[in-house]
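First the structure, which I've put down as structure tokens, then a few questions once you've had a look.
Letters are used for the chains, namely A, B, C and D, taken in the order the chains are written, and counting of residues starts over at 1 for each.
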């Protein structure tokens, strides 16, 4: 059924699908979805992180019958979701510090174990700064001990909460407040940055996956799968930031889609350190289509385009496409 | 649990924070006009009935379709489906096979014997329809469903009008046509065959009709003067095609010249081929100038019909016909070259177009007749109150679909006129152009190719050339529809809103915005696959 | 039950008797033996229903503790010195969230230069972090204070730091009276959290608080510590009832009646001071000792009451507020505000420098004769200091101070006394 | 109060020796306090440990500067560290792990007016190698101290050993302690 519908149906890639059996429909299509991150939060218009968080947590809630506790790193998500005296969370939620999210989650999981509440599951979540930089030590420790925690990184490629400074997830050439488009190599330099999903895989943990807010069904599938596994799990979700990237608020999902379809952000999953599946590119596009929509790359275009830099970025995308086999057989 | 002050908060309390106040633009749901609907001369809601077909609910689809057009089985064969040319899907892979799905629905209805509902209540008004062709019967159908008493006066011995005389069997099997006509008479439309109306005023008076719709077909072949000897064997296309309906088939001989470039010329040539002759079409212009539809020309050539472009007939007699070659001048007009060539031919068939017999209007005052057609107003009414006209009789392209459209439009106006009102057509929605869609969400699925009979069978028999779709590929075809401009409840807006400010109302009820929290980011608009949402500025 | 054992071992056993549910461990001297002991007991099953987690840093240790405590588990960890500083951010967070974590700080100096020996610089650096800080004088008291700490922490929903001198207590073998499980169970009820993370009753913990309420939140933290001033003596009294001996409380006066000079100190050095004071009293001098057990909250009223008859106070402290002098002394001055009492600060025992009776005799007598400056450094080798200062006056590139001093001292052989 | 200072090198069980002494004293109902000269000792580095014995609670926390007894587990330290500093003379005790005499060690000047019965040289390493199989002279020296000082009984030393060790190691150490004890007692008898 699923396959047939996937092949036939108008809007196969949409959130809902009236021709699917209810149990086959997306969590986000459900009228009774939990809205774990509820309305009234202070996220910017078109916030990809707000979207990614609700997608992920709602899916996790369904997967564990709402027996979920979430830990949040300092950052946009924490600040916009809990502006005193209100909170947008509908689940037990705690914010401790910027760099200790994974460890706090470990503690909660341990407490649930001693209290004999094995059905209660723990999710840790943070931005790219809280995950790939300041929280990296605790993250690695949690992985290494294979603690029963699902860690979700919402990657918007810079420190947005503090005003768009570079993080180890900021891509080359991107403008941030600390990588200005000046000098011989404008924007963030090439040859830096940290591939945390791969590092997570190197820990040999049961499950690692990447996803974007542009492919909801894929994202929900991965969260659900992660929730079905015990031990340390990591999902790295690509969430565009209209403010930090200088993009239109309505382009959030489009940008995530383009990041995947250009090859800039490979979407895959891995078990015990080995890649077990990749999301193929449906309509391959050149990186310009992606870069042009973002003012953080504006310096690459303008009067005389930085052809070489764009070519280097294209080369990175092409490498991903080769390395992960992102193209269907016979696709160009 | 007594919670520590400030550090601990009650869940979901941010609902107190109405972020809708941030908004400068608000999203609104709307229905846009799908290009197919916009294109359809019969005014069908194509996207509308495809929506039901997608879920396999064929009867609802058929009922939705027949609100506008009672002849899906005929349309699925005789319509030139310009809707498919307009279809947005054509910009992705291939247009949706609207025509074939329509035919599937039509055939399904005939197979299952689905019938129209009789009118809820009778108005007691009497309407006379002249001509039982597509336009007349369409009008009759709509008028009847509106509760009026309808009488159709048909000069010929059978219903169908030009469809029967103009469209060969191999394109429109007669049993199909008869069945769809019968469905109309079944709901109480009276048809009087062999009843020629010579004086409409008189006929109305004596029948006590409150209004009339005139839909006389163009049965009279145009003649052109061609010098010919006594032994010449010249016929006109309409006569040839009409005689196909009777017992005795026309005597054409082996070599047949067909003179003309319209669909009728093609039809008659292909008919001749099936009668065992070797037809050659002579046309004074080039192929691309031919009025006939290209796919018909293609099929004709496939079947072995020969073509002679840029040629006129100078003289014909006893098996010999003289052809003068033409050439195009600077402004593309064909000019004689004086170069003469001789063709062997047993007969010459003239297919130079047809005219309508307007004699029934002679005594009607206040009409405006020009170029062999009657001028009508936007409401299809002639200069004479209560007398409406459509189809071949009025200035418009002459084809079945246009005629059927006229019937529907006239019926609505007659109904209003009978109530002493003026029919106001609902304002047209803005067009759902391709740019308004987000087609990433649709899977790739090329159009199913309808099985075409192999060439040999086509040449020798009058079996239907175009086959139909079976249930599975009809469903497939229907599901290729992009639902341009009309919500198909894909839940995208409900899912992609970062502020949960879209309320899902449930199956069939679509969605509504919660403007208390909508910040106006516009993601729902950008990610709506079918362009059924737009942003409008907030008034401040 | 009486037994002769190492201080660390005594503390580990006491913690085990408190039925901890989550223990986070990261090695750093001189705290290590405590968590080693606990780890062994968890593995052997001696401690039931407990998660022992080997974390990757002190920062993680306190963070795991925050998580488990927030989820309603009785949580313990231990650290020292650099470790305490490394977890500092989480230390403040734990108290801010009102999580009743109990942590041993095996007091040790802070580098650079790196120094593993005892002083109070580490816990003093966290005096304003919102935790309750209590100091143990002996291994017996260290043991007792841990049992009291869990009760105190859980009644107030505040974390408690039990400070014991590194090596001097942690590594010392001496007699302790180890209570029975029954006694501890009678004293310490199961933990009922004031708030916890629970899907059955979801809350958001740790939300951002703006100017509109932050002062109130901070004041409440202060108010809780003031509540502790009443609770601590109550708990000590209850403890004596069940366990039969004195332990805890706010302050510990010794031979204070009629004393015109009072020596104030925290931790194990009180023993040496008491011996010294006994000898001085035998010589007819009017000297008393006041031990401070509860440094946070600081018992202003109790101290004021205890010293009001004295003429001078010597605050002997094992930490230095660089650029001003004493930390405890500054606090004591607040307690004696307005009283005609001279307060002198004696900085002693930094980085493990032995505090000897001889030196104490000398310095206390000097104080009694007003012969020393307000901030005095016990047994300071002023010659070395002057050499360094002189060297720096002469040349720009003097090289590292610590190494120069060692060179001046001639070798790194262990110095006795 | 009786104060013992033990000198040795990392790995020779200096600290353990002091602890066992304190346990032995505890078992005899006394108060005892054992503690190392705290440091990040490594094998081979000079190490000092202390043990105080008393009949009332011991509050004093200063290092032992005026010991009543010195136990020197490694004679080579005599030339490196000021091991003899502060020893109470003439009444103090010295136990050295050696086959040499005090004279041969060049100590006769230092010990000249001390009680000869309190100057014990003992081949502790040999004894430990013999019974334990490792060069851990701490236990034999403890046995020797028990014999020389009569502050603690051999039985208490044995009990202390059992508190610290078990199985073969315990047995070996008990044998070593006992042999050392007997050697010293024998010497005493010969002097008397």
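Quick notes on this structure:
Here is the rule we use: a residue touches a chain if its C-beta (ideal position, glycine included) is under 8 Å from a C-beta of that chain, and two chains touch if they have at least 3 such contacts.
Model, not experiment: these values are computed from the prediction.
Between C-D and A-C, more C-beta contact pairs join the chains of A-C. Annotation: 66 Å between the Cα-based centres of subunit A and subunit D. Centroid to centroid, with C-alpha atoms defining each point, subunit C and subunit D lie 34 Å apart. Computed centre separation for the pair subunit A/subunit C is 45 angstrom, with centres defined by C-alpha atoms. One finds 93 Å separating the Cα centroids of subunit B and subunit C.
Those residues of subunit A in touch with two or more other chains are numbered 82-85, 87, 89-91, 93.
Shown for subunit B are the residues in touch with two or more other chains, namely 6, 9-11. Each of residues 97, 201-207, 209, 213 in subunit C touches at least two other chains. If you draw each protein chain as a dot and join the dots that touch, the picture is not a line, a loop, a star, or fully joined; it has some other shape.
Pairs of chains in mutual contact: A-B, A-C, B-C, C-D. By the touch rule above, subunit C contacts subunit A in their complex via residues 21-22, 24, 49-51, 53-57, 59-60, 62-73, 75, 89-90, 93, 97, 197-199, 201-210, 212-213.
Against subunit B, in their complex, subunit A makes its touches with residues 6-19, 26, 28-29, 31, 35, 37-43, 45-48, 50-51, 54, 81-91, 93, 216, 242, 248-254, 257, 282-283. Every residue of subunit C that touches subunit D in the complex is listed here, in rising order: 2-4, 6, 29-30, 116-118, 138, 166-168, 171-175, 268-272, 274-275, 352, 354-357, 413-414, 416-417.
Within the complex formed with subunit C, the subunit A residues making contact are 66-69, 71-72, 78-79, 82-85, 87, 89-97, 99-100, 103-115, 120, 137-138, 140-141, 144-145.
The residues of subunit B lying in touch with subunit C in their complex are 1-11.
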